[in-house]
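The letters A, B, C and D name the chains in turn, as written, and every chain counts its residues from 1.
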């Protein structure tokens, strides 16, 4: 048993930390200003492109991609601390070209894409030149149950015809968004796990309509945003189907494991930043003749946050290690466990950091409100807590076929 | 001991419930549409004025005001269930002319205002023709400790000169906002509770500058909004000071008791609506072959919500009853208790209702995200939880001068 | 709405408080000594009989019994604060002749007993001369579901023959215990609520065997105790059946409502005492140069305890008021609500009081360990939390047949 | 990063698991019977000696001792899973000769004892022939603050004279208990960490008086027990002082780190057993036509328990790994973290397992009540939660000397 990061991970951690401290954190305010002041918030602030260029030059680019050929070839365990660091700033994931959903889309294309698909979509994604969206969740049904999916993608000769409505497609509003990965039912009579397909749909295809952008607690997360989008008899060539019709479910499963680890580490990074901000505030703010840190139960809040964070991080790292060593299937319970616990822990700590800041914590004077929304969303996205708990319990029962008293 | 509402309260409850059901809830969507589609969100949607006219005609107007002459003359206990009902819709408080901070400002003017002040400000406020703001909290210091206040209001001959910066002044963005009640330090050498003044400052006075509007989780609560405002050598006649210089602290104290009861009842109304929405969703949404209501611990969540709500409501009603019978000073602990528990209970229930709705709960397709923000703000506004808990503990210790074992 | 106790309740509260302070609390240590030092802990300590005599002389006797003829004739609301006071000392319920299960058994006999049954059992119970037990829960099945009951009571001519095994029959170990109320299945073919009977079985009947006494966390609650008892072809005359065969379920229902209110108020009294002890300890104990009260989050713990207690008490009083005004059936949800919340609140507060006492809190140097066991038992007895929550949720769903959004 | 146990640990885990399953768990009932039926509960049940002999023969003996010469020489990380397994049965620690406080006392003697002390006390302890106690906590002061200690051990020529009163000395009641390690103040004028001494006092020394045995929730944990003991001018030769006068504090510090890891792993083993019992019960018990596992939120409870357990175990293992690699001082925060979280998690899970068992869970028909008491005690023993949280917060503040926003 060894809890130390590998030498390669340690070196990357040092580099990413330095880049965060020196380049990204100081740029947050300017980014926000540019977002407000340019041609509206749905444009790419120029400072982002310059940060991306610096990160690329420093080799801090596409670190998420386990594929050696296309990406950094890091294991899940080695990438995890970098994902965590990227959660400390809302700018960081894009700067390092490892933001969701592009990272998951790139993984899918690297693993399942045809050479043509990789040439057309993966290369510009890896270069940070275009962005993409992932269209799976639907407004009309509980998407936590995949069998509820209503969208269709019907093969018609050498093309495939897509009809459906999706929402919470993150990144749909980005001015660079060029392609959507659309998941839909192709053959309802096939075996349950061979019914769905994933189709690459250029965003400007006829029949694709962005119905609206969706707010989270009133914020739109510009310029990425979360969109509701309808597909009306959208026809694309059959070679736009990833790995061929009927493989959608399989691809989705493979996409979710690492994605959940990235999200969990990132949200723990968000919680670490919230804890730092809480401590800084508690020390510097005075009331009733004392710094807040010396009032009431504030030190207990900090201790409890530290305990919760350490535990959630270790569990996430163990899940990553299991992904690396025994695979996603054997790590199924652990992945569901972190998916429940990391956002929950983060939501609580960020809420407490908000409280320590008073009104400032709710405004956009600190990153806390945005971090909070991220943690809150994550308790629903990629499977709500309830679905993961049900799975954990089911696997737990299997572990105890007969229990001796 | 009698837990029944009085006949008068029962009759008003029935009327308000009917008005809510028939007039207000059906108007919510149109209100939101008008807010988006008119000249930007900082305008008054016409439908609001028409709802106000109907409410006024129905006698459901200024019910909050305990003063018999100016208002409905209801006791706190009789008004409480009406305040709760008004929390079910974000439109309702304004429709009934009982929205914060106008309600508190009207109470102050009814109780402490000079006839001239009442004529100029109270009457149009009571008529719903103008709106007002309350400027107390400051950005640079922990305002939970009133002795931190830095803003100044210095008497200079027969005028008073105001310098300071305030934020979280709710209602500051409303197009009808005409007057600010500004609280500031007048005489730092006076006894602690006689140092402050409350000054009526017309919003268009020279030196008043709205610096910006503040978001809560990214939402601006238009058209009311929460503002940051600076006062730069703002000079108004001395007769604009409410009850004369040095009475600010006393007035603030009197203002807070009923205000907290209103807020607590309203937030419980918000929680009741969230519970209803949660139940409706849990029944109508299907996953894994069952309605959500029959999955996992969802029924326990509903039971726990009911238990928490009943308790918080009873405690709030008891605090109101104590205000009516023994006064604010004797009810100090109970008022602090409800100020802690009502928003906390509401925040939890609304969060669970959001979870039951999946992504829809975070968007503006339901009122949940806005209700959540209201509950969250309330854990900070009018004294953060921590300050109230410290007070409750202090009063509790006094109750047990010597404790027998 | 009126939160004040009635004049009669106020007077009785004052008397019971004085009696507690002057007679009962000072006797606790001596009682414990006598329990250890006499002929073993299953004997009645003489000091108890002298306390009972004093209470009887002071008129503080059988206050629980709503029946005017046999008891004090107090409403549930008027008795509630007295029940709470009796929860402050483990001696008090017996001293006032209002301890479970005798109080419930007396209520049953007063309401459903025949004149002969009342003469033989009720009178000596009311006089405090004998004790009784209630035999309903069974070891082999989940007794939270009444339809699981396996014990039988079969009519055979003019006698009834009882076979079964019961446990958690409280009071079974008391040297004065003379009669058991045994509940069993009489006719499995009758309509569901007419299948059971309650039979009065003298403890010395042939076939009654006390198998063992059951510990709670290792403590036996002598001299009352909780017993496991088998009934082996126990034959008693048919006139020992309360209200006749087939009425068992109906009687049990009527017994549970007030019983739960008594238990809930008593456990809140226990929690109030724990809070007092916690405060006394926190003030008198020093560590790291301060009294514990001024360390860490201890004041928050006290504030949270106060808030939780006030709420739970109000809800219990409301349930009592509903019992008095609209009856047990209409108060069903509220009774289940208090049955969940009162023991839970008490368990938490007593646990915190233990923590504040360090090792002493776990020992028998304070009453805390015994109070804790009482609260913990109550989360299972008279229906576990889970069953009550399921009922609350079911009733809640009924309340919202169609929920408007 | 590697979450796998070492080959040696894996082999020992398999052996200990088999021994538990085959020898210890089946012996629990007989042990309890012997404890009741022999000459009272303060005698050693013969079955224990036979289990000890088997464990010794199997080489599962003194595994806790990191010293290569005297013990198994396992690292903390390798011993941790074995400590966890030993927590599954209240018999196991003694069977494997690794029960507290003997294990800690043996470690102290192995590390600091003189050859004579080791010959006289360590050898028979390692052989399992005698037992010992550790006398540190005092009844009259808050012992969480070591500077409060009042007991004295004054050097007088070539002897040392001990006066003081200690309690919660575990193992004091064991019939084989022969020696006490007594910690006391020797020189109040020395530097703070050089004031105390640890003295080996034979239990039959003149002036040693066992005042009473202390119950935990009414249970005495026979035959070990927790004692209150007075030392009245107890005089022993100066060579009975471990490592010489003034080294008590240093020795205590060294003793606590591994001891806390052992306790935390053991209590997690207790929680694992509770979870197993909970699952077995939830599957086998029926109510309302379903197994309990399919009722209400029971599956969520199991999922939450699994998540909490995994996290607490990983954190404990990390603390053990830090002890092994960077030492106790650098692991100070992590050790305090596990000391807070492991017993808290265990207490909650065991409480839920009790609830799932109904009344049986509170009785001694299952090991749950005893496991619960162990977890509860541990939130106080070796430093209460509150003291550890204060330390964690203090160390956390040090980590963030200046926090960038």
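Annotations
Basically, a contact is a pair of C-beta atoms (placed from the backbone, for glycine too) under 8 Å apart; a residue touches a chain by one contact, two chains touch by 3 or more.
Worth saying up front: this structure is predicted, and the values here are computed from it rather than measured.
A count of C-beta contacts for the chain pairs C-D and B-D puts C-D on top. For chain C, the chain whose average C-alpha position is most distant is A.
With each centre defined as the average position of its C-alpha atoms, the distance from chain B to chain D rounds to 53 Å. Averaged C-alpha coordinates give centres for chain B and chain C that are 43 Å from one another. Once the centre of each chain is set as its mean CA position, chain C and chain D turn out to be 37 Å apart.
Along chain D, residues 296-297, 299-300, 386, 389-390 each make contact with two or more other chains. Taken together, the chain A residues at the contact with chain D in this complex read 1-6, 9, 21, 25, 77, 276-277, 279-280, 283, 293, 299-300, 302-304, 306-307, 310-312, 314-315, 317-318, 321-322, 325, 333-334, 337, 340-341, 366, 386, 388-390, 392-394, 396-397, 400, 403-405.
Residues 137, 139, 141-145, 148, 167-168, 214-220, 285-288, 292, 295-298, 354-355, 358-364, 369-370, 372-373, 376-377, 379-381, 384-387, 389-390 of chain A are the ones touching chain B in the complex. Contact residues on chain C toward chain A in their complex (touch as defined above): 296-297, 299-300.
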